[in-house]
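Two complexes, one shared chain (chain A), two partners (chain B, chain C).
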Partner chain A sequence: MSSLTSAVRDLQRDLENKTNDLSKLQKDIAKNHQVRKKYTVQLGENELVLKELDLLNEDANVYKLIGPVLVKQDLAEANSNVRKRIEYISAELKRLDATVQDLEEKQNSKKDAILKLQQRIQSIQTTKGKA
Partner chain B sequence: MEDTRRGTVTSLASLFPVEEAQKAANRVQGAMAEKRAELDHLLGFVADNNNLINLVHKLPEELSHEIMVPFGKAAFFPGRLIHTNEFLVLLGEGYYAERTSKQTAEILRRRGKALDSQVDSLEAMIKDLQAEANFFGQTIAEAAEGLVEIREDYIEEDTHGEESKSGPLKQHTSDLEKTEANNEEYTRMVARLDELEKEEELAAESGNDNEIYEQTTEDVGDISYQRHIDSEPHNSEDFHKSVSPVDQSNNKSIATESAEKHHNPDIADQLNFASLDLQSNVGEGKNAAAKKVKFVDHTGKPLIHHEEKTVKATTASKSEVQHQPSQPSFDSHKVCLPFIYIARIHIH
Partner chain C sequence: MASYKGGGGGGGGIPLERMSVEQLRALKEQADLEVNLLQDSLTNIRTATNRLEIASSALNDLSLRPQASKMLVPLTASLYVPGTLDDSQKVLVDVGTGYFIEKTMAEGKDYCERKINLLKSNFDQLVEVASKKKNVADEMAVILQAKMKQLASTSS
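After this line comes the complex of A and B, so read on.
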């Protein structure tokens, strides 16, 4: 009997740990989603900028706001900068996607493990009750 | 007939518990409110954009404008706005471009178009949510009313209208052997049908029949057997059985029984265009029972109403339709016979 109770206690501690891990995973996934949203918005904005820059004449003046300073920039330079930024953001998005997939898989496996633990605890408790 | 029927009666309330449906409806409402707030936000942007375009148009009209220039948080001083045709337009991501007023207006217009497309997509989403909310509302009302969903296996029966076989539609002659179990009912039905046939021929094209049709419950299939129904409630079950007119030989053996089916082609033909029911081969005076297969799914409810209306409209054309050979309809509908069908009946 006492061995059973200690087994149950162990299992319950295990269950607590697993649930903590699960909640951490879920928080990570939520953060990931947020960051992804931000990046998606930035990507959209950069694409708009690129479109407008393409419509500009060669001699048009382009300025970049760096802190409180508006700095004159070369059109070609601005173009290449925006393009590079777009590539960087897309790469980041892909990386985040992979991470989120990974996290979701881990989350699912944790959920399964928790379920199994719960079932074991229940079965032990029922046998204890019968005995 | 009913005891041989294998069916399940499930109250809608059990399928869609009221509380859960309520919760789902609330959830949808919440989502809709969110989207509406976003929509308002976007519409604000659109308004601002339009105002800006007007301003950008107006400024170059003068060489310089006399204005009050804000100075700090709480002061202004009089000043002049010069270079009225030069605009530094924010392209995004901290990039500015020097443009004239016309070019600025172009940029703003393009931005306005992008905003409009966003607004459209939001509105489409809101519409979808609205439809979902409606569905939930309907289900809640139905469940509260105590509507019952009756699901019965489709059993094909050649010799008897009452029996139906579960499983896919099988067309074979072995059905004939099933008559032994149903002989009693069969003979009873045959006799009744003979009666009704005579009655019907007398009544022919009158509102008489139509009254009967209109008295039916939601299940249109009950219509032609309405007279039966009053006296022999069990017959109402017949309509839930669908039998494909499998073999002409089989059909001939039950010729008399199907005499009453004259009603069926009328309704069936009316319903044909709804393409939801399977009409038995009545025109040829064959087949046991009314074969109405109503394929009811989510669209069931509106469909049933639709059918009711069509029935009510059948008055004049009914007689003409009556003795039409429904062979062609039979053939075409052979294909669309489903396994099971669902009928909804109000239980008060």
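After this line comes the complex of A and C, so read on.
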């Protein structure tokens, strides 16, 4: 009889641990989504800038705001800077995608494990009740 | 808790009528949240379009002013200093991410036009998505009410 109670207690402790893991996973997924949103917005903005730069003639003046200073920039340099930023952000987004997929898989397997644990606890408690 | 299969997949394969009241309620709340988000985005786009239109009309006004006319230049929200208008044929356009492009007055007006059109088309697309989502949310509300009436009538 007491071995059953301690078994239930062990299972419940295991359940608590798994639930904590699950909530940490969910927080990580939420953070991932936030960072992803930020990057997507930046990517969109940079692509707009690239489009504008492409429309310019060779001799148009481009300035970049560095702190409180507007600095004249070379059109080719501005183009390559914006392109490099777009590449970097796209790579970051791809990396985040892979991370979030991995996190979601872990989350699902944790949910399954928690479900199984709950079922085991329930079945033990019902047999205890009958006995 | 065990019978509710995770956030987005809840309404996936099961027709709405067969779901329990709790599942319907949770799904409806989710749909309402989404509708609110979309409405906020719509408001943002409207605000941005307004600001662009104000900028465009300011540009138009500026182009009418002769050079060397006197003007008051805002240094802060409450401090203006007198100045004279230099060449009004060239304007600096903020294109985002800290880049500014020098354009002629005509190109500046054209830039404003282009941006306004882009925002308007985004707005139209968003309105479509938002109204579809709202229909789904309303449908869920109707089914939820019907189910609850059913429950109340069977239990009484």
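The working rule: the second predicted complex is superposed on the first by the 131 of 131 C-alpha atoms of A that agree within 3 Å, B and C clash if a C-alpha of one lies under 4 Å from a C-alpha of the other, contacts with A are read in each partner's own complex, and residues count from 1 in each chain.
We take it that contacts are C-beta pairs under 8 Å (C-beta built on N, C-alpha and C of every residue); 3 or more make two chains touch, one makes a residue touch a chain.
Being a predicted model, the structure only gives us computed values, none of them experimental.
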item: Partners on chain A (chain B, chain C) - clash or fit; value: clash
item: Which of chain B and chain C A:4 touches, first, second, both or neither; value: neither
item: Which superposed partner A:76 touches (first chain B, second chain C, both, neither); value: neither
item: Partner chain in contact with A:115 - chain B first, chain C second, else both or neither; value: second
item: Touching partner for A:30 - first (chain B), second (chain C), both, neither; value: neither
item: Larger contact residue set on chain A - chain B or chain C; value: C
item: Partner chain in contact with A:98 - chain B first, chain C second, else both or neither; value: neither
item: Chain B and chain C footprints on chain A, overlapping residues; value: 42, 45-46, 48-49, 52-53, 56, 60-66, 70, 73, 78, 82, 85
item: Chain A residues within the chain B interface of the complex; value: 42, 45-46, 48-49, 52-53, 56, 60-66, 70, 73, 78, 82, 85
item: Chain C residues within the chain A interface of the complex; value: 2, 6, 92-93, 95-103, 111
item: In the complex, chain A residues that touch chain C; value: 42, 45-46, 48-49, 52-53, 56, 60-66, 70, 73, 78, 82, 85, 108, 111, 115, 118-119
item: Chain A contact footprint on chain B (complex, rising order); value: 88, 91-99, 107, 110-111, 114
